[in-house]
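Look at the two complexes coming up: chain A is in both, with chain B in one and chain C in the other.
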Partner chain A sequence: MAKDLDKKLAVGQGLDRYASAVGLIGALLSTLGFILAFVLAAPVNGASVDGVEMIGGQMVSNQLLFSQKIFYFHMPAAVTSMVALAFTAWFGIRFLTTRDARYDLRAKLATEIALLFIIMTMFSGEMWERFEWGVWWTWEPRLTTYFILMLLVFAYFILRTAVDEPERRATYASVFGIITFIDVPICFMITRLIPSSVHPVVFRTDSGLSPDMLVPLLLSMFGMFCIAFALYRLRLRTETMAQEVDAIKREIDE
Partner chain B sequence: MNKPSTFQQYVTLLRKDLQREFRTKDMLSSMGIYALLVLVVYGAALSQTARQFDVLQMSGGLLWALIVFTSLLGLNRSFSHEKENGCLEGIMLVPLDRSVVFLAKATSNLLFLLVVEVVVLPLFYFFFLTTTQPASTWPMLLLPLLVGTIGIAGIGTLLSTITVNTRGKDVLLAVLFIPLVYPLLYACVSATTVVVAGGDIEGVYLNALLLAAGYDVIMVLLSWVLYDFVVSA
Partner chain C sequence: MNPILEQIYATIIPSAPYVIAAYALMWAALCVFVVFALSRLKRTEAQLAVLESTLASRQDDLTDQIRKQ
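Coming up: the complex of A and B.
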């Protein structure tokens, strides 16, 4: 049993050998996704203009949203952060059942990745908000729940620094990681629960996305998954090595 | 000698908390005074606007802000005195299911919060709402008040058990508690506001109440399951 676990949690084989390559592929795919978002996906109709107006040298009756291109970055990053948080909760459960510190390390790293993608989402969302809604901040349901998610991830790290004993820190962090995950489905479902939300419901069978929009979106989403995975594995290897070095140092001191 | 039943254990633990509170009046007095002081701060905050805007529309939000901050104070204290004389270790030595400890502690926190709310609600009315006429549906606000307080007590008990063992516990409890309780707070504020200020009772009130109750069920169950790990860490 313990040997199986050791084998499963080993770092440096299979998965890690290709981690950098996967990261590179992810970067290429998401870049391709962004480029396609500009060349392939049709512009989206925005707010309709009163009558016919002259915009950019063309007579149009409604304004095409160029800033909508941010969607191909914004939404994949948001989904990736949520997936990362699911892994935090999963590793939290694994830690509580096995009491193996390696799971706690994994939970922490998954949360770090989640934080990275949450910041990317908030940043791109903030730009969209400023340019399209004309405000810096509004208490819109999706926005609020995602903001809460960010605060919870901050709280996770604050909690970690506030406890000294490793075993106790790992338990508290796992428990909090599991509770934090409650907000993820709430954030995901909120556009369905409160239809007044300005955010569209993207995941549905009759999704309004035409193939020319879906392809770039899926490409960049898949690319971001790859990037997140690669970052996570590389971080994991670094941390594991650092721990090994620490252990060796302690041995030498004794 | 027979082993006491789980329910007897629960009652004993709960009685211990209530007895302690009855003798020292530690939590109730500090929470009560704190709530009164928050009302005074509201008085200053609203002093320049009271004539021009409809205070009824804000009353739900103000009331819940008061409850959240007061309960933070109470939750912080509920475990610190267990820590002082090693009482928690004493309880942990007894061979009982840890979730009973959670239920007893959550119930006593809930009772203290409800007592404070019973005192604060008339005071809130007295200070801010006598100049206006609350909608006739206002007694319905008791239900969101109860549902919200159950959620606060449940999740707050788990979090205060975590933070009592950390550095800077007072701040940390707020950092963990406020974001987690946000969905509940949102639902309770909308349910309270609609019955006090009047409006689409059927649509808003029931939906918000359902949301709050669902949140309660999930959070209390989760806290209950996870409590064992936290308290024995």
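Coming up: the complex of A and C.
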């Protein structure tokens, strides 16, 4: 049993063998998604104009919104951050049930990755907001719940640095990681719970996205999942090595 | 330009800097993280190599001492 667990949590083999390749695939997919977002996806319609024009064989009677191109990376980054936080919660639960410190390390690194993608989401969202809504910030339901999520992730790291004793730190962080994850479904569902929200509901039976829009979006999303996985494994390898360094230092001191 | 087309394309040029900034900021954040992760990996690898060689030489010294005794 213990051997199985050791094998599962081993670093430097298995999953790590594929991490670089997955990272490369992620870079390729997201680059392809980026290119197709500009080349393949048609611009969405904005406000109506005072007439109709024929563009590319189609009757156009609305403004074409170029700013919507931000969406093709903005939403995948947000979804990736939420998936990473699901792993934080999962590893937190695993730590609380097994008391194995390796799960705590994994939870910390998953949260690190979540923070990176939260920052990316915030950056891109800010640019959209400034241009389309004319403000840098508004307390719109999706924005507010995502902002709370970002604060919870900051608080997670503050909590980790505030507690010195490793076992206690891991326990508190695991519980806090699970609590942080509770905001993820709230944030995801808020556009359904409060339909007045200006954020669209993208994931539904009929997403309203035509294939030319869906393809770049999905490519970017799977690309980001791959990048997140590769970065997570890279950080895990480094942190495991750092623990080895500490162990050797202790051995030399003795 | 046709006034209708002018209206249709009215937001393209003004929104371009924001679209470029959004993608640039996202890539910058990603690059900063990758650089941080790789530099930390390199530093840790270097530390590990030094410590392993120190440990190995200590063990060699210890073995020599035991042999001499």
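One rule holds for everything that comes next: the second predicted complex is superposed on the first by the 241 of 254 C-alpha atoms of A that agree within 3 Å, B and C clash if a C-alpha of one lies under 4 Å from a C-alpha of the other, contacts with A are read in each partner's own complex, and residues count from 1 in each chain.
Please note the rule applied: contacts are C-beta pairs under 8 Å (C-beta built on N, C-alpha and C of every residue); 3 or more make two chains touch, one makes a residue touch a chain.
Bear in mind that the values here come from a model prediction, so they are computed numbers and not experimental data.
**Student:** Considering only the touch criterion stated at the top, classify A:K249 as touching first (chain B), second (chain C), both, or neither.
**Tutor:** So A:K249 only meets chain C here.
**Student:** So in the superposed three-chain picture, is A:L28 touching just chain B, just chain C, both, or none of them (first/second/both/neither)?
**Tutor:** Touch partners of A:L28: none, neither chain B nor chain C.
**Student:** Which partner does A:M189 contact after superposing on A: first (chain B), second (chain C), both, neither?
**Tutor:** Neither partner.
**Student:** Have a look at where A:T238 lands relative to chain B and chain C in the superposition and call it first, second, both or neither.
**Tutor:** second
**Student:** For the three-chain arrangement built by superposition, which of chain B and chain C touches the greater number of chain A residues?
**Tutor:** Residues of chain A touched, chain B against chain C: more for C.
**Student:** Between chain B and chain C, whom does A:L214 touch in the aligned arrangement: first, second, both, or neither?
**Tutor:** neither
**Student:** Chain C touches which residues of chain A in the complex?
**Tutor:** 34, 46, 49-53, 55, 60, 62-67, 69-70, 73-74, 77, 116, 119-120, 123-124, 126-128, 130-131, 227, 231, 234-235, 237-238, 241-242, 244-245, 248-249, 251-252
**Student:** Spell out the part of chain B that touches chain A in their complex, as residue ranges.
**Tutor:** Going through chain B, the ones touching chain A are 155, 158, 162-163, 165-169, 172, 175-176, 178-180, 182-183, 186, 211, 218-219, 222-223, 226, 229-230, 233.
**Student:** Can you check the complex and tell me which residues of chain A touch chain B?
**Tutor:** Contacts found on chain A: 96, 144-145, 148, 151-152, 154-155, 158-159, 162-164, 167-168, 171-172, 174-176, 178-180, 182-183, 186, 193.
**Student:** Tell me, which parts of chain C touch chain A in their complex?
**Tutor:** Within the complex, chain C contacts chain A at residues 2-5, 7-12, 14-16, 18-19, 21-23, 25-26, 29-30, 33-34, 37-38, 40-41, 44-45, 47-48, 51-52, 54-55, 58.
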